[in-house]
Amino acid sequence: MNFSGLIQDFGPLTITGLAQGAIIALFALGYTLVYGVLRLINFAHSEVFLLGSYACLIVWGFFGLDQNSATPSTLSVIGLLLLGLVAAIVISGITALGVELVAYRPLRKRNAPPLAFLITAIGASLFISETVGVMTQRNIKGVPPLIQPRDVFVIGNMHVTNLQILIIVLALMSMFLLDRFINRSRLGRGIRAVAQNPDSAALMGVNKGRVISLVFLLGGLMAGIAAVMYDLKIGVTRFDAGFLLGIEAFTAAVLGGIGNLRGALLGGLLLGLLQNYAASLFGTEWLHAASFVLLVLILLVRPTGLLGESLGRARA
Amino acid sequence: MRQVLARAIGGLAVIGLIAGAAACNSDSGSDDTASGNCGYKLAFFGALTGSSANLGVNIEQGFELAINQYNEKKGSTCIEVAKFDSQGEPGVAPGVARNLVADKKILGIVGPPFSGESEAADPIFEAAGIPTVTPSATRVSLSANGWKTFHRAVANDDAQGPAAGNYIKNVMKAEKVFVANDQSAYGAGLSEVVEKTLGSAVVAKDKTEADGKQTDFSALVQKVVSSQATVLFYGGYYQNAGLIRKALTTAGWKGTLVGGDGMKDPGLAKAAGNAAAVGTITTCPCSPPEKAGGTFVTDYKAKWNVDAGTYSDVAFDAANMFLQGIDAGNTTPEKLNTYLSTVEYKGIANTYKFTDKGELDPNYIKVWTFKFDATGNTIADQEVPTA
Amino acid sequence: MSEPHIETPAEADAANARPFDRPAPEGTGTGATAPAAPGEDVLLEVDNVTLRFGGVVALNEVSFSLRKGEIFGLIGPNGAGKTTCFNAMTGVYRPTSGGIRFQGQSIVGKKKHEITRGGIARTFQNVRLFPEMTALENVMVGADAHHKTSVIAALFRLPRHHREERTGRDRSYQLLRFVGIEHRAGDVARNLSYGEQRRLEIARALATNPTLLCLDEPAAGFNPAEKADLLALIRKIRDSGVTVLLIEHDMRLVMGVTDRIVVLEFGKKIAEGTPAEVRDNPAVIAAYLGVPTDAA
Amino acid sequence: MTTEATSSPAPQTPVPGAVSAREKKNRRQDSGGVRGWFGRQNPWVRAGLMVLFAVLAFLLPYVGEIPLIGPQIVTQGIDWPSALFNMSYYVLLALGLNVVVGFAGLLDLGYVGFFAVGAYTVALLSSPDSVLRTEWGWTAAVPIGLAVAMLSGLVLGYPTLRLRGDYLAIVTLGFAEIIRIVATSTETLRGDRGFSDIPHPPGEFADGKPIFGVADAVPYYWLGLAVIILVILGVRNLDNSRVGRSWLAIREDQEAAEIMGVRTIKYKLWAFAIGAFIGGLGGVMFAGQQGFMNSQTFVLQFSILVLAGVVMGGSGNIAGAILGGALISYIPDRLRGIQDPIWHTDLFGFRFAIFGAVIIVIMIFRPQGLIPSRRRAMELKDREKEVAPIE
């Protein structure tokens, strides 16, 4: 164990961990939203993210940008970022709705047992990621360097770059807007109603089918934003990127209390930080093991996650 | 009762559907008589799908290119290409290997690319007596099993490691080196030898997960930066290496990334971006293809529309070595195996001659270093001593 | 390899000694006979039990005791703490303070399945059967409570497995007949009618060989004819030697069948006595005044 | 087969309150569970059918010899007996997972962990690469492997039993990942370098050649099949006993079960232990056939695939689990070396994508699984039919 290393690098590990955690948290929202309403682990959510991560690359490709392009001017960077975000959000949203339509809705109509949903989700995930794998020949795809990382400020050996700030701010902003939407808007009330009690919500005139679609869509939107940020941060995407990060995001969602929006944020950030610290302390190969150990320990003490579940009580 | 039947039929129908879709199979054994040493097959055995498919595909394409060129020269489909997908997994390999040996037209095998699947599949090839030439399985112990059909067309980790270490020490004159690996049999083996060669110059170490299992290397990068090392040696493959190189550049690290032949692939530059990849050094127990004067590099690009990757050239050589043997009338696996034990074949990446254990003759082991240039390609740098 | 078995030989003997053709006759209760408690025939003693959930006091120093062989009523308006009291007795909740003794031994803090094996069985206010199991299997789960077949014995079909399966099955059929739904033995519980499900629940509880059977509003949702049948069944159960504790809303039903009654209101005991005594108790009248009961 | 036997008890008009002779006969035979067509047959017919199935299963390696149908069944890109062996350990895993998920209702997403524990224990005890240097034979290592797997089931089960459904799922997933990472990253377990020269099961033919060699997978398949049959018998016995009833009761309503005297913790632990035992059995078989193994095999996708198999086949049903387990191995293998009929491109690389689509289709059209558990099927049946008197 390398304590001195951890202490020496604590600052930089914290900021990179927060950036990674912010991405995980946004990704985790999709799991949490769907779980909150349907009590369903949406395994295919990882592929919602995956397609988003390709969508923005394709759009940037239209403008002739690849990993070797020079960084464009600031104005066009803003334009490109927005376009990429829109593309990723749209594709991720469509994918999420598509998965709901093809894999879940028919089962709901047939009143299938809960496990059946899990398995169609696995089938959908396999189908999408493998199709992408074949189409890309399982190769990596590089991301254009839209944002050249530059130090915005430095504290000790902690260099905080513009990209990290962008990721964290964008993630927090998206979360804040989502939280407001769920807690304040009429549609959000519908979501909370269905999450708390589907039967009485239906009696009160809430259209359950619409709420479910909405929840998938919202999860897709968040995954789209996460995907763009992931591309910018990691610089590469690949057919199994979704699966890999999906497991982490799901872990984060459970850690914070699945079905709880703020839990997802907390879980994501915590996981990002912990992975970095653990990698520094024990070696990078233990990074994922550390997150699972933390999960198990926390669930043993708090069986429903740090903040408890229930989308209905998202404010709690 | 009727309901039960209906249900059973429903279930069967689904299965039937699958079987029906699968009914049309590709195995239409052509029965043209073997004339002019034709009508045989050479097999590629390795990963074509799965998470490590990219390396397998590199090799398969080099292999297939050689056979296509041969057939074009002959004007007919003289030697058929047979592909066997092991997914690179030791768990899958034996079944696929047994299927391979059932095809009596197969005279020789290029593969398996990875050491793990070699351990699982080579005993089956050995039992069937079909010669194998692996272009990339570099685990030292593979040749110690007493397999007569095993041939390795590259230097094993024991040769490449010291060369990489020597280069870092003597040519780059680095005093602080960070050594990391991806825990693959290849990467871990290589980095251990490098570590030994470098001795006290190693300031810190780390391990990562394998390709496709990790994408965020922030912690590793931070360690490298903090260690003030000027060289990072990474034992692993090009995908992770590319991601690490990119993250290192982002973090403002000015040192050089050095790796083994697993990193000698344009994919590294694709992941990192050419600007970041420039100057990255890879060692390779092979000679630069342009030295061979052939048109391999352009042919490959023309055929597959991608740049030749790691080991594509060695696979190309291995296939040609087999083809030369078949041309000379060695049309049984046994004869071809005997041929391999005596041949001295000059290919584009190297000259090949095998010891009785199937290792490359020490006299022909060459290790070169290559450097990534600004276009993302690897350019031969210099030959380095292996001891 | 042997599974961790906590059952005592005494318990097993008691179980085996019980004839399976009808529920236990009075006197051969499970476990050791109760040491002489205040009043020899006291079966269950609830002693100053208080139960708090956070700041809410659900039960406030409630005391009463049940005698062997009686039908005892526990009544009170909605939210009076009847079911809470019930749950405390069957191990679902642990009292904040006070004691509960069954046959002279404290059962506070005991595991639910231990309490059941000790001789207290119950039904649920909202029927809680195992919906995908057949009626027979539901009852057999109850009968298994006193079986000793280990996992290993079941795995290799050892003689004990066969013996206990047979006796358990026979007894389950008898209990199904006892409650009048033998013809539904092979149907999954989900598909039984509501009345049948209620009866099945009683059969399942009886299968655990209880000394005390606690029924939580067994007549809820019944029409008068069904209620009459139920009354007959409850008497039949008592006559077979099982003490019955009845939680009920329906005053008429309670008055008609019980020997003694305790009335709860707001978690406190407000009256105790025979039906006639309770009926005339001013506190009870006040508590029920304006509170519509099912009987009304 | 024996028509005489099936029709032996003369049908009697049920007298209200009394029990028909037929019913009494049934009472002696069954455990009171829901009986399907198979369960209603005379025991001799059942036994005969089972033997017939077993014999057919043992003949499967030669199915390719049947004209017309045979070649459609056998796999192209992978040796057929090897594919059968692969199916056999997938079936074992599905049977084991079915105990945990199907019977006891505990969602386990990390089942491959037990498979790994079984395989690694054998490798550690028998491979010359192991630090233990014991180099035992396969047969000697197997009991230890199974015991350790079972123990690992208890170790995982005990602390996690408090967790509810989906939380249990993620924790088991985490445990399996931890096992994989530990296997990859510790020196003792040799990570990607793996263990070579793990001995095969013992036995020789008359001519001195080993029965369990490297070239022929048929003996391994037969061994696997024999093990499967034993496991089926054992699991069926458990299912038809108080153990099975307790599991079901726990799955249906844990608290009610406990109040009815079921020791929930004990039976959940047993479910984990038995599941782990069967998983370990798959692992030791795998190690014995493979001769070499490393950490690559035990990836998360493996667990998920086996779970998909169990649910696809029919969770809670032994026949369903067998079918599902066989299919998850068979479908991808069968899609090797196939061209699509329209464009004649190789379907090869698409086989997992196709597999994913097949999973979705199966689940949509048969949400209860291909061979649903009788209970689940009955749930959906019209109630009217149930009201009719039995027989």
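Order of writing sets the labels: A, B, C and D. Residues in every chain begin at 1.
Operating definition for what follows: a residue touches a chain if its C-beta (ideal position, glycine included) is under 8 Å from a C-beta of that chain, and two chains touch if they have at least 3 such contacts.
Everything numeric here is computed off the predicted structure, so don't read it as measured data.
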Shared interface partners, meaning chains that touch chain B and chain D: A
Relative to chain D, chain with the most remote C-alpha centre: C
Rounded Å distance, chain C centre to chain D centre (Cα mean): 40
Where chain A and chain B are represented by their mean Cα positions, the distance between them in whole Å: 35
Centroid spacing, where centroids are CA-atom means, of chain B and chain C in whole angstrom: 72
Residue list for chain A, restricted to those that touch at least two other chains: 133, 283, 285, 288
Multi-chain contact sites of chain D, meaning residues that touch two or more partners: 181, 184-185, 349, 352, 358, 376
Chains that touch, pairwise: A-B, A-D, B-D, C-D
Residues of chain D that touch chain B when the two form their complex: 36-37, 71-73, 75-79, 81-83, 85-86, 181, 184-185, 191-194, 196, 213-217, 286, 289-294, 296-297, 323, 327, 331, 333-341, 346, 348-349, 351-352, 354, 358, 361-362, 365-366, 370-372, 377
Chain D partner contacts - residues on chain C that touch it in the complex: 3-4, 90-92, 111-113, 116-117, 121-122, 124, 128-134, 136-137, 140-142, 144-147, 149, 151, 154-157, 161, 164-166, 168-170, 172-173, 177, 182-183, 185-188, 190-191, 204-205, 208
Residues of chain A touching chain B in the complex: 5, 8-9, 12-13, 16-17, 20, 67-68, 133, 137-142, 145, 149, 157, 159, 161, 163, 233-236, 238, 240-241, 244-245, 275-276, 279-280, 283-285, 287-288
Residue numbers on chain A that touch chain D, as the complex places them: 35, 39, 41, 43, 102-103, 106-107, 110-113, 115-116, 118-120, 122-128, 130-131, 133-134, 247, 250-251, 254, 258, 283, 285-286, 288-289, 292-293, 295-296, 299-300, 303-305
Residues of chain D defined as touching chain C within the complex: 14, 16-17, 19, 27-28, 31-35, 234, 237-238, 241-243, 245-246, 248-249, 252-253, 255-264, 266, 270, 274, 375-376, 378-379, 381, 383, 386, 389-390
